[in-house]
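Structures for review follow.
Next come two complexes, and both contain chain A; in the first it sits with chain B, in the second with chain C.
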Partner chain A sequence: MGVQLTVGMGEIHVVRGAGNVLTALGLGSCIGVCLYDPLVRVAGMVHVVLPQSQADKIGELPGKFADSAIPATVQRMVEQGASPSRLKAAIAGGAQLFQFGASSTLDVGARNAEAVVAALRQAGIPLLAKDVGGSVGRTLRLISDNGLVVVRTIGGAERELATLGSILASSGVAA
Partner chain B sequence: MNTAAAPEKLQQLVQTIRDLPALPEVVVRVMRMTEDPRTDAQSIARVIATDQAMAARVLKLANSAFYGLPRRVSTLSEAVVILGFRTIKNLAIAASTFELLNREIAGYWLQRGELWRHSLACAIGAQLIARRVRLPVVEEAFVAGLLHDIGKVAINLFVREQFDQIMECALKERIAFVEAEQAVLGFNHAMAGGLIAEKWNLPPSLVAVIKYHHQPSSAPEREPMISIVHLADVLSITLGIGIGGDGLYYHFEEDTLAMFGLEQADLDDLCEQIVEQMARAASLQEQPEVVLQ
Partner chain C sequence: MGVQPQHTFTEEQFDAMREIANIGMGKASAALADLVGTTILINVPQAVYTPIHTLPNILRDPEQTTAGIYLQVTGDLFGHATFIFEEQSAHRLAAMLLGQTEVHLDEVTASALMEIGNIMLSAYLTAISDFTGLQLLPSPPVMAVDMGCAILNTIIANMQYLDDYAVTIATDIYDPGGLISGTFVFLPEPGGISRILAAIGMG
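Showing the complex of A and B:
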């Protein structure tokens, strides 16, 4: 009895058991973070919008900011029976306006990617795969059966980014 | 680069635009009335009430969570008094363009509803920017933002046919997607949008925003409104709201920031507010009826 959930901007969704799919649509500069505990099949996704939270603005959507999003998602997953030490991550998004010439002030995509990677490291969660940067829109899916992470470039093909539940998936990529 | 459209292709575009629905007469009248300082709430309400379907839709929007009214308003004159007639004008325009903007725009890989979401985010963003830089054009900014990409509806099929060539051209020549549209098709969505705006008899200032929203510096007169919508468009698309196959191949005129005295922290703040208001605006997206005639 699986569910298919769309993870909107700043939202966190956590599901337990097989047959569920979490999706983040239209990632531009935002980052979709997939977290997975293979043992209890708890899957979480958060749609991060900005790198840093300002204390007064976290409000109802801690998922909006990289620094508050990762701890909040881990917390929700622990409530569903996941163990922080078993979690593995994959991320996608963080696109930027195409650089036609001089560097841009609008570098929120790169800052987001940096902040998410730092927050994962801080939480001690290995980052197994990432598809970040460039100037393309992306759609990200996490399948709860085995932690399969699939990325599609809008207007392009779909490809497998990682399987977070794989036995071999034990170490992180260089961040 | 070939930038002139083949005559038959241009003819097809003109025909496509001719076939698009007209703006309802009521909206055109309301737009004109709000320009007149002598107009009062009652007369606006009376005009909208002559079109019952429109009146019902405006009331429905006025009661949506987006405006967070403390109680339900049941008459138009009440809505006009509480929200102000400029907001009511915006609601009438939103109600009457929803069907067009809510279409699937396959040429840009936008599913049904995506262009509407992008347009709404840009409308909200333009309003926020106008407010932040203290320009007294907040309500006009909403309409300009809402309609800026209307031309995509008209050139959708042309882009769909030649999407790969346009993308290839953008990548190879290192130009924005909109410029590649011009190079491959001989026209682009901003220009097509300007033609639609003229067909709808929209005010020249609004036509200029639609026409030059990708290149405010090319406009004959550098109106702040064009730059406001340019920035709102850039922020919305960067956030991925209605991001299509053209991705972020968008040329941002950075001097927009200096013009308004905005810095990175302001942009982050604006992004955050757009996201917050879009969450509230979800209620505005749930009005499926067709209004255009």
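Showing the complex of A and C:
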């Protein structure tokens, strides 16, 4: 039986097998990170809020910070049978929502995006697609059947961002 | 950023927080009623110490398009205050203020809405200042039109909030005709609630 899970701020959810959907609702400056192992169909999503943790403040939610979120999500996926070398990623979010009025201090979104990209690079996970920045919030979904990643914005239909499990996406990855 | 003390607030202290929020919201809703010339009602405010990632659950529909007016509070304590109006409500409020029957969201309506939010948030803060003797200074407001959940998430990220729990004070605001519906949220930074409680002898 498939499950549908909502991934709240700082949360990490990992599912195994087909028929599951992971959703991060209304990402503003936050980043939703989708990770997928196509071979064993292990899908993970983390909802990153801030770029950097402080060693003593990771608390109950390592997923809150970009630098701690990626290793913690990979670890949870490995526990479900995923291999770090097969993981592929897609990300969305990091917008600057407050466009009206003085907003220069509110661009944590851009820093979040940079930090997530750096953390994925450090983990050696290919980033196949990203939809970051701009001024609109996004809802992000990861479908566990094939690693399909879809993004929705206000007033818009869902559109495909990437398919993390496609043959095309797998090419070039060492077996 | 300071470390959030693991407060175990008493029920009496939560009652005091709700009462103070009620005083502030009374002034804010009266200010809105004056502006747009209709009766405005509020629900009994909630005051809860809650995992911060669950905060967007206070919204009826997290993905619904809303207008969020947001300002930061400085002075004797730091905090973050926002009014989030559902899109149709925001349009109606702007139309009422501008004396038009229908509006589209452009720079003029945006500044009208920001002004409405600013007046309400200022009324709220002034009422709490008067009651507690604490100085609460509002920043200039900013506004976004987007999913309510995205607006709340962005405010929380802007708090640079490193702790897992926070005191949240929230109230629904509406009119008897069902035309206006919004949510007010006040998020004091760590230590802020303790200052308010101490100021009224409930610390």
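Methods note: the second predicted complex is superposed on the first by the 162 of 175 C-alpha atoms of A that agree within 3 Å, B and C clash if a C-alpha of one lies under 4 Å from a C-alpha of the other, contacts with A are read in each partner's own complex, and residues count from 1 in each chain.
In this section, a contact is a pair of C-beta atoms (placed from the backbone, for glycine too) under 8 Å apart; a residue touches a chain by one contact, two chains touch by 3 or more.
All figures in this text were calculated on a predicted structure; none of them were measured in a lab.
Upon superposition of the two complexes on chain A, a steric clash is found between chain B and chain C.
Judged by the touch definition given at the top, the superposed model places A:Phe98 against both chain B and chain C. In the superposition on chain A, contact is made by A:Asn112 with chain C only, not with chain B.
More chain A residues lie in contact with C than with the other chain of the pair chain B and chain C.
With both structures placed on the common chain, the touch criterion links A:Ser68 to neither chain B nor chain C. Of the two partner chains, both chain B and chain C are touched by A:Leu50. When the shared chain is aligned, no partner comes close enough to touch A:Thr163: not chain B, not chain C. Of the two partner chains placed by the overlay, chain B and chain C both lie in contact with A:Met9. Residues common to the contacts of chain A with chain B and with chain C across the two structures: 8-10, 26-30, 49-50, 57, 61, 64, 95, 97-98, 100, 102, 105-106, 108-109, 136-137, 154-155.
On the side of chain A, the complex with chain B involves touching residues 8-10, 26-30, 49-50, 57, 61, 64, 93, 95-98, 100, 102, 104-106, 108-109, 134-137, 154-156.
Residue ranges of chain C in contact with chain A, taken from their complex: 3, 52-56, 62-63, 65, 68, 70, 110-111, 114, 140-154, 156-158, 160-164. Within the complex, the chain B residues that touch chain A are 109, 114, 163, 167, 174-176, 234, 237-252, 254, 257, 263-264, 267-268, 271-272, 275, 278-279.
Taken in their complex, chain A has these residues touching chain C: 8-11, 25-30, 47, 49-50, 53-54, 57, 59-61, 64, 95, 97-103, 105-106, 108-109, 112, 136-139, 152, 154-155.
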